[in-house]
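The following block contains the structure, expressed as structure tokens.
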Amino acid sequence: MDAPAHWAGTEPVRILEADGTVVGDADVGLSPEQLRELYRHMVRARRLDRECMALQRQGELTVYPPFEGQEAAQVGSAFALGDEDWAFPTFRELAAALVRGVDPAQYLAYHRGTWHGGPYDPRATRFGPICVPVATQICHAVGVAIGLRKDGSDACALAYFGDGSASEGDFHEGANLAAVFQAPAILFCQNNGWAISVPTGLQTAGEIWRRADGLGFPGVRVDGNDVLAVYHVTTEAVRRARAGDGPTLIEALTYRLGPHTTADDASRYRDEEEVERWRAFDPIDRYGAWLLASRHADDAFVRAVDDDATAWVSEVRAGVTSSDPPPAEWVFDWTFAETPPELARQREEALGG
Amino acid sequence: MDAPAHWAGTEPVRILEADGTVVGDADVGLSPEQLRELYRHMVRARRLDRECMALQRQGELTVYPPFEGQEAAQVGSAFALGDEDWAFPTFRELAAALVRGVDPAQYLAYHRGTWHGGPYDPRATRFGPICVPVATQICHAVGVAIGLRKDGSDACALAYFGDGSASEGDFHEGANLAAVFQAPAILFCQNNGWAISVPTGLQTAGEIWRRADGLGFPGVRVDGNDVLAVYHVTTEAVRRARAGDGPTLIEALTYRLGPHTTADDASRYRDEEEVERWRAFDPIDRYGAWLLASRHADDAFVRAVDDDATAWVSEVRAGVTSSDPPPAEWVFDWTFAETPPELARQREEALGG
Amino acid sequence: MAEWTLSGALNRALLDAMDEDPRLLVFGEDVGRLGGVFRVTDGLQEKFGEDRVFDTPVAEAGIVGAAIGLALTGWKSVVEMQFDGFSYPAFEQIVSHVAKYRNRTRGRVDLPIVIRIPSFGGIRGKEHHGESPETYFAHTAGLKVVAPSGALDGYRLLRLAIDDPDPVVFLEPKARYWAKEEGELSSDDPRLGEARVVRDGDAAVVFTYGAMLTRCLDAAESLEGEGISTRVVDLRSLAPLDVPLIGRCARETGRVVVVHEAPKTLGLGGEVAARVMEEAFDHLQAPVARVTGWDVPYPPAALEAVYLPSVDRIADAIRRVTSY
Amino acid sequence: MAEWTLSGALNRALLDAMDEDPRLLVFGEDVGRLGGVFRVTDGLQEKFGEDRVFDTPVAEAGIVGAAIGLALTGWKSVVEMQFDGFSYPAFEQIVSHVAKYRNRTRGRVDLPIVIRIPSFGGIRGKEHHGESPETYFAHTAGLKVVAPSGALDGYRLLRLAIDDPDPVVFLEPKARYWAKEEGELSSDDPRLGEARVVRDGDAAVVFTYGAMLTRCLDAAESLEGEGISTRVVDLRSLAPLDVPLIGRCARETGRVVVVHEAPKTLGLGGEVAARVMEEAFDHLQAPVARVTGWDVPYPPAALEAVYLPSVDRIADAIRRVTSY
């Protein structure tokens, strides 16, 4: 069966075929309950993603970047992290945020235009601020990893980034620092085939996972639409990190089924029929089929998950749409720990005392 | 025989052993006259380098970065380029500049503090300006390579950089652009073991030449103190470039025998006995021994080269020391093609024009 | 008469310039197939081919660095930084090389590079999409910095920037991309470096640029009722500044307001105020008033209005200087 | 009384701060084994070990980005950019993250990061080694920018910068590293943000900072003979500026000169001039005079003297404002 162009080359680690048939060892160390939880996360994530598209159309959100098609890559990797581990997102990792326990309404304050990348508490959630300047967050994650190591903790830090972001200098500097300091860092690249309108084939002439070797650490390529495989390779990277073996680069092959953002007209640069073809690789159908076939779940479960998602999404929606507009003081209150006299004067001028 | 730490790992391409014995195919396509010319270049380069150290001590030059030990890497690579090809140096490529026909007195105006990185004509010489912000010149060379290709020329562009520079984001961005655009570019890394006080082992956990693979083009590791091997691998990279096969990354293993610059006290971070040990790999002794053994040259030739170098260096010295101080107008004359009114006013205020 | 949006006029400027000069290239992130996130390069790739209009990897330093190399081989470039906040990764290439290359080579190398940057706020954008980077570039010797306020000037200034032998940072006010202006596109007069009196008046003068121009004009209108006649000047060229015109207007009115979106401290307002003092001290009737963004990071969409100079804030400042 | 060089005093400040705070790290290019190209970190690695004082690869964006991550895990960092011109590769990390992180996270995250940058000219350095980057950082909301002029203040200000919960860009005047000053090192008073009157006088006031302070003092001395009594103020804190003190000195003297090495356009001189007008318009007897570097790239060693404000240029400016 043919696949997206950027999946060509080295065969990725894969456990489930697109149709759900098992081609690897499906025992990745998860209990039946956890296996079902993975599914629940992916379904919730997708339903919320679609709701966000609707909220944006209805003017409740500003520009929104959908992740449909990337649920397995985000959920599988985030699920492999422990409570003490950190994750640093780009602007498209809402699914990972949910797995990390970030409050979705709080998270969506960013897309509502209420506040910037850190609307939730990055320390409490160990989930870095939503980060738009691509690849910069890789260096932050590596810094966290170095810090954790200095504290003798066995926790690690994972940085999400895309195929386009991997062309930035910060990818190289961060990856090299992680290698030199043997930092417990995981560089997780979601290669979804596109950087806005630019296909991966114009972004790089090589395979992203292979860059690790040149920097002296292991890289691995995984089917990013196979949640079990993603969980498996990430778990292995986490193990290496905890053992003090240093960083791992993971290239997860996935596909961006939606537009780059709600402001993007993807039909200008790609053929929507092609996109429909790649729906055949849908991560949720694939995993659902296996869950049922392997008897880890039944139709009742699937229905229950669906109902749960419906209820949950309308809660989130309510939380988002009922949120108050931010007070004007917020413009001034956190530029410095203590507002300097001249800025206090500006604050007064703006807010009238 | 043990070697510098950063030479460990993959065996480099080598034609001549440290003692001059042949271990590869010494027929790299050079005529006896050219073989002797290589030697003449290296001897002149070293003698001038030492003269520059003296000139700096005597206050005739400002801070100077010696390249002793790196003559083969620079001469061998520059010698492999054609007239239409471009080379972009860092701040330590005086030997390469000589091979490219850059006037040494003009070049040294930079170290005399008379003018900036472009004291000679970068277009006429096809030798880029001396470049201090490390790795930035890699992007310039790649841009030239892209431009040459657009013109249908079969010329190429080579960028020199060091092991430390290779940690900068610009290395990655430039290398990736070259690969994506199949640019006729050669990324030539002189891994001399040091970035000022930082040894290569703290600079990277991998082997620099292997980074090319991850970006989808070939890399090669060469004994940078073996001028024949350097010429050989660079010639192959030039051939690929002309054939439209894209970039090549070359890691030349060499050793910085002198301090980082005349302002550097290397004894603070490395053991001078160690340095003396690595003199055993001296590129000039090695090549000279082979030239004599292979009968491409005799003692008379060696003496003649020596005398020529002596005469030539004192000429260059005279040229440098007799050069006039720059006129004050130079501060203003080339900020813009046409000096804007306000700047003209400043010029008048400064020069009382 | 034809009607133009700023986006359309800039697109036309690129098309005409590429038509006239076969060695002019346009490249950057998403400028080819997509035609740019603001459509400024729309249709150029179809017309001129992938060899002259091409998409690049996401690598701003590489893009600008490559433009330098292309200039060395005789290719002129118009490169795009997708948003103001994403020009920062290229800062070293711009400041250490683009700005200094002519100087470093004793005038032997021109860098006819135009760096287009969709700039400023007012579009309910996310963080890093509403930056005002002009101070960073205008303070950098060797760069020219231009900011059009509308379609006709946009066309004119971009053509002039492309023809200029020196590098030009071209700041396009996002908030004006879709605003329409009537008139014929033309690239004759002015020369780069000249400001423009957009509205006459003798009680006070307001210096501004970019998207703030319309707000300043609105404020000026609103004060006519109060009998305050306000001159409004579009600086257009932020580096070099049109010091003679700034001086003349300051001397003729004696009362000066400067308006911009950038934070107050070290924004252009301070520089203009200093120039005004140097050029018109004895004519000044009131201290130069600065109406600017506050000294804080650009706020999120919901709070843009608190940050951006409003028509009211501008009008108050004009009242303040005229009643001083 | 003890005698200190600026380099030695800064070294001592780092040593004392690391002694007091076990979670303070020092890292950057060549700061460990070598002790820094200006010896400011000399001996720290031996004393505190490679875990707290370490060399990094040549990667400024990575260094600053890592400091952000380290702050998230509760580690304070003093990082070094080896020279002013080499802080530019880190510009995006500094402007988009270091300056904005507290704001982006609604005050939940402190970034107690000090970015040390050997700065300014006057040491016959090569290009990119004589830059005055203060405008780039001082214009960036969220950054504090400090520049000591000598050893005692160097110690004081670096200790205060390290204790500050906000990021501080610390600009060290290279030309003063080896200049000696007598006195006891102490870190009490002032608070960051306060300027200092270094010399009293009532005919005019000169605002300056960094290596230009000594030249301004020399100029002031030289004018005593002419009966011109000049006050000299070391701004020390370039962001935030000590506006109250600037205003008071301007009102008391009515005649103001600003001196710095950075190019004139959008240098701090313009900002100070604008503040003076805002704070002391009715007391001003003469336009604020700016004695600065020219609007050109920093020149090579042989031409430094043409570029840098000289004692004569400064003295002439003082004469100009006092005789206006």
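Details
Residue numbering begins at 1 within each chain, and the chains themselves are lettered A, B, C and D in the order written.
Quick note on the criterion: a residue touches a chain if its C-beta (ideal position, glycine included) is under 8 Å from a C-beta of that chain, and two chains touch if they have at least 3 such contacts.
Quick caveat, the model's predicted, so the values are computed rather than measured.
The interface with the greater number of C-beta contacts, when A-C is set against A-D, is A-D. Farthest chain from chain C (centres taken as the mean of C-alpha atoms): B. Centre to centre, using the average C-alpha position, chain B and chain D are separated by 36 Å. Averaging C-alpha coordinates per chain places the centre of chain A 41 Å away from that of chain D. Averaged C-alpha coordinates give centres for chain A and chain B that are 44 Å from one another.
Within chain B, the positions touching two or more other chains are listed as 115-117, 133, 167-170, 173, 176, 180, 202-204, 330, 335, 342-343. Shared interface positions of chain D, i.e. residues touching 2 or more other chains, are given as 57, 59, 61-62, 85, 88-89, 92, 96, 100, 103-104, 127-128, 141-142, 240-241, 265, 294-297.
Chain contact summary for the complex, chain C toward chain B: residues 51, 56-57, 59, 61-62, 64-75, 89, 92-93, 96-97, 100-110, 141-142, 144, 164-166, 193, 240-241, 243-244. Note for the complex: chain C touches chain A at residues 29-30, 32-35, 37, 55, 57-62, 85-86, 88-89, 124-129, 264-265, 294-297, 299-303, 306-307.
The part of chain B that touches chain C in the complex is made up of residues 86, 115-119, 121-123, 128-129, 133, 136, 138-148, 150-151, 157, 169-170, 173-174, 176-177, 180, 330, 333-337, 340-343.
Contact residues of chain D toward chain C in the complex are 61, 85, 88-89, 91-92, 95-96, 99-100, 103-104, 127-128, 135-136, 138-139, 141-142, 239-241, 262-263, 265-271, 273-275, 277-278, 281, 286-288, 290, 294-297. For chain B in complex with chain A, the residues that touch the partner chain are 167-173, 176, 179-180, 182, 202-208, 210-217, 219, 246.
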